[in-house]
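Both complexes shown next keep chain A, but they swap its partner, so chain B is in the first and chain C is in the second.
Now for the complex of A and B:
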């Protein structure tokens, strides 16, 4: 009993902080999401409107467009990061000249704040003054203008995200690979397993927990991407890179549409939980069942 | 005798000046006595005038009064985010907020701001002898409430002007080529047709001579409100479409069908003309806000353009940033026939009169100390150096100061234009729903800019969207 009490006392500050800065704001957002509230409307007060905001969201083409481009972005970015991250992790497991230097350089983007990453990429991609459009034009005759071309803007953001976050995947997978026991691999080689078989039947299952944790982290981060996109394209051209985070920002801050903006936030949170749960079930549950 | 007389007069003048200065200093020190423990917190957009407040005026005020002043300069979006949250929730974090002219009506409608006229009337001991509302230009009227009282002390005011390169416009070879091609003299345009002709000529000239030179600027970002502002506040008015084409006296109608002008033939003509200019502007124009337009001009990449006055200063005079120092002239924007007469007769405006004021949020806990600071920055005495550092004029007397006159020459007569023709320009319409309608219709404008929508259909959609948003907000019945 005494140790329990001490435990609660030690936990209390954390729980209080979590309650005031995590739970309470969340409950408030859910509360606001059932209201019509724009402080600059003719009636600036909060008006309860039941599930109207949730009904509206289903038919809101701007929201659905944002959802679509966000899903596309998440798929392209996260899958690419996992594949490239794994390949780099495998490369770093071997010895080669300049490995330490390259690993340091490769990790540098991680320490940069997203808003800085957005600024740097904006400088590099601004039509006619950016280094990327300049050399694309000079070497390949490709005209790149992220101000007019939706695909160019979208894939620039994907590449920027891969550049920024692949090192995180690499580092977590290196940690996972380093901790693997050597015996199963040696036994598999003695049994005549080829590299593909070793990867699918030994490496992948053994690093799956680390891989899934990494995918969860990247998935959640990618779904709420705002800063880099805001800096690089502002959601444009048109609405082609208006990801959910940018859409919520524009709805809540410039439009001060607090009620509807809160509804979108709640829905996005719900979708994130569902996607992560589906991923968890599809990747870990079969493995757990096999154990059983 | 003569020498003695001169010395005597000089000594007398010096002693009078010293006494006056001492008296002023004495006022600030005495008035600030009750607020020695106060630290004033202000938030503003990071612009040259605001940076001058943070770097020069705030330290001067601190030294004079002992009241500490912490001015936070940040991005436009962040500034509004922080200020509105603070005032909405009533936390009182900020004692001073930047009120851009276009947001003041929203703030007033929510009683976010302190009535500075009343504050001084209720506290006569706070009134600085060197501060008077009469000193301000008419731009201050944008910050008056319905009762005529002032809710913000003007700190920046400028017009969006037609800036052109005098070195190019006066180049004999270019003048000759222009005349040979168009049959007329090369001089700043007065009409859209002339402007377009000049723009096309210079874009072609740049291409033919392998120069990084284009004929016009275009603030045509495809994902930023800057493009909304360029079209609605700088281009559409020159075609006779005012107040974004929304008729506030007619149930906030925006569509032609209901009596508005947002999708009128004039609006469509204006948009098509602007798009045609965008098409021959430098490639970065699709990613350009007001800042990048200034940068493009300062880099010598364009022959002419519509540029915010706040950028005209460094473009014309700052050699560390601009490649066209001493090579710029200013003029009124190009207009459709009959618009100038219409505006001079009191209907509409020909361009954007931008600027802002510093106001005291209602939840501030240090209103009196903040009022002292606002009076300090509103005095005639601090204006000339401020106007030289950042081209903005808010006080009538500033125009006549020798330093400002000198600067006026460097700016190609910008201050003269501001003083003499400023009345032709206007700030944003008095809408409390400014950002809300802007954000509702901007995505459609972006689609027009990317070519996904044709201008006619796009403007029809924008007008309908504006009405829908106004209905949602409860303004349109």
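Now for the complex of A and C:
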């Protein structure tokens, strides 16, 4: 006979690995965040300092700036991706020659490593070798330098993210649109509804769950964007593209201020959880309303 | 619905495809240009490809060792995650535990946390706590294989669960009645039926591990450096070797492109973590 013992034996390696590399780091970072600890400073010991680190982070302008930059990036990128992705998904709903082929090409950026995407866009936008600044200058007389201009660097990253992740939105929304029933649309057309009315009153409510799930996934990923930005701008010029992940990477390791670094990590994790929770609740809310 | 002009539709999609493909094409263009030509007028069309960057990259011992590290780490990690994911899903599917759905959900949450948050604690744990004498997990291939489990193992469990749940329990029961051992049931009945799902999981976890940068950049120094971290080393404040950087990027991109051809259909499900059925 089979016993649960065998089940636990099969589960054990997974649980152990995830415990040591997923849970323990989390517990440890919370523990360290209440300490003052810089192994290479005058006093290398770990000293408990209560909530001092947390008090400090609230007034840390570098951290707050990075938080603001991240929020701005997430808003610009995710909203554009959802709008462009929805329009492309609608365009894919029609039949046209070579549809499968074009859809395959459209999917291509998804599998690329973020660091390679960063490198590709660096080669496209770096002044003097990049093709984009060259033609912007030649045709429109606009000079674009991501190394010195903060808006140029910021919006290059937004465009890069749109290039990289819009296909994901398109594909998930195609899946949602394909599964919609045809009847309500035909009925609405018979009743003389115009395109905008059909969109707001029929399409949007019906694809809302898939749309929210897509936004949720994109938000979580956009919040932790590091690799591409690190490659493209390194957080610069100045601190104009220093997203939270980049901030941790740049601030904590060179300064070896492990206590305060842990506090930053804990706060970032906390904010991520809050955002996810809010989205989760908003995902459940429409369903509950329908029931009631 | 209005009829659209088919030529305009096709032109529209060609334009969109060019926007998608051009950056990748440009990467290739830069990789086959000698350094002296880089700063002249950008040419859109490729003439006289120069393969010097490729021979230089392939001849570079450091880059070769990065490639080998990347290969070992991503293959080891993909195998480990697929096998453990298979065992986990089998256990969750066939045995009765208290709170097994909580176990399932808990494994998934491990992937949701932003990796940047775990850089510092993992670095500290791997240098200070997880050690046997002088041996630490920092900058070792086995260390990286284990660390990558934090995002790939939940993914494997998530994608394999429906596959294994879909195999009728009666098949197992019949084999047990015939006196087969549990190991025999797993290896000779369940495993062959799961092969397609296992293959997709193996391939996608392999790509995720191959593409990873942030954790590798923090948790390796020299011995276990991967190709993606090697790439960023060519971007320095004193001057970037653009051709070499582009060439390494091409090398990093190739496996992803091959995989893309193999499992194109499953990519959406993989990237969205199954939240939206693709």
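Following the convention adopted for this analysis, the second predicted complex is superposed on the first by the 261 of 292 C-alpha atoms of A that agree within 3 Å, B and C clash if a C-alpha of one lies under 4 Å from a C-alpha of the other, contacts with A are read in each partner's own complex, and residues count from 1 in each chain.
Here is the rule we go by: contacts are C-beta pairs under 8 Å (C-beta built on N, C-alpha and C of every residue); 3 or more make two chains touch, one makes a residue touch a chain.
Everything numeric here is computed off the predicted structure, so don't read it as measured data.
Overlay on chain A: chain B and chain C clash in the combined arrangement. Of the two partner chains, neither chain B nor chain C is touched by A:70. For chain A, the partner with contacts to more residues, out of chain B and chain C, is C.
Look at A:17: by the touch rule set out above, it reaches chain C but stays clear of chain B. When the shared chain is aligned, chain B and chain C each come close enough to touch A:253. By the document's definition of touching, both partners, chain B and chain C, reach A:129. Look at A:235: by the touch rule set out above, it reaches chain B but stays clear of chain C.
Residue contacts after overlaying the shared chain place A:114 against chain C, while chain B stays out of touching range. By the touch criterion stated above, A:156 is placed in contact with neither chain B nor chain C. Using the contact criterion defined above for the overlaid structures, shared-chain residue A:146 touches chain B, although it does not reach chain C. In the superposition on chain A, A:38 makes contact with chain B only, not with chain C. Across the superposed pair, chain B and chain C both touch chain A at residues 122, 126, 128-129, 234, 253. For chain A in complex with chain C, the residues that touch the partner chain are 2, 4, 6-8, 10-11, 13-15, 17-18, 20-26, 28-29, 32, 88, 91, 94, 96-98, 102, 104-116, 119-124, 126, 128-131, 134, 163, 167-168, 171-172, 175-176, 210, 213-214, 216-217, 220, 223-224, 226-227, 230-231, 234, 244-245, 248-249, 252-253, 258, 261-262, 265-266, 268-269, 272, 276.
Across the interface of their complex, chain A is touched by residues 1, 4, 6, 9-10, 12-13, 16-17, 19-21, 23-24, 26-27, 30, 38-39, 41-42, 44, 84-85, 87-88, 90-92, 94-97, 103, 106-107, 110, 112-125, 129-130, 146-147, 149-150, 153-154, 157, 176, 182, 207, 210-214, 217-218, 228, 231-232, 235, 242, 245-246, 249, 252-253, 256-257, 259-260, 264, 267-268, 271-273, 275-278 of chain C. Chain A meets chain B in the complex at residues 38-44, 62, 122, 126-129, 145-148, 150, 233-242, 250, 253-257.
On chain B, the positions that touch chain A within their shared complex are 77, 80-81, 84, 88, 106, 109-110, 212, 221-225, 282-287, 292, 432-433, 435-436, 438-440, 443, 446-447, 449-452, 472-475.
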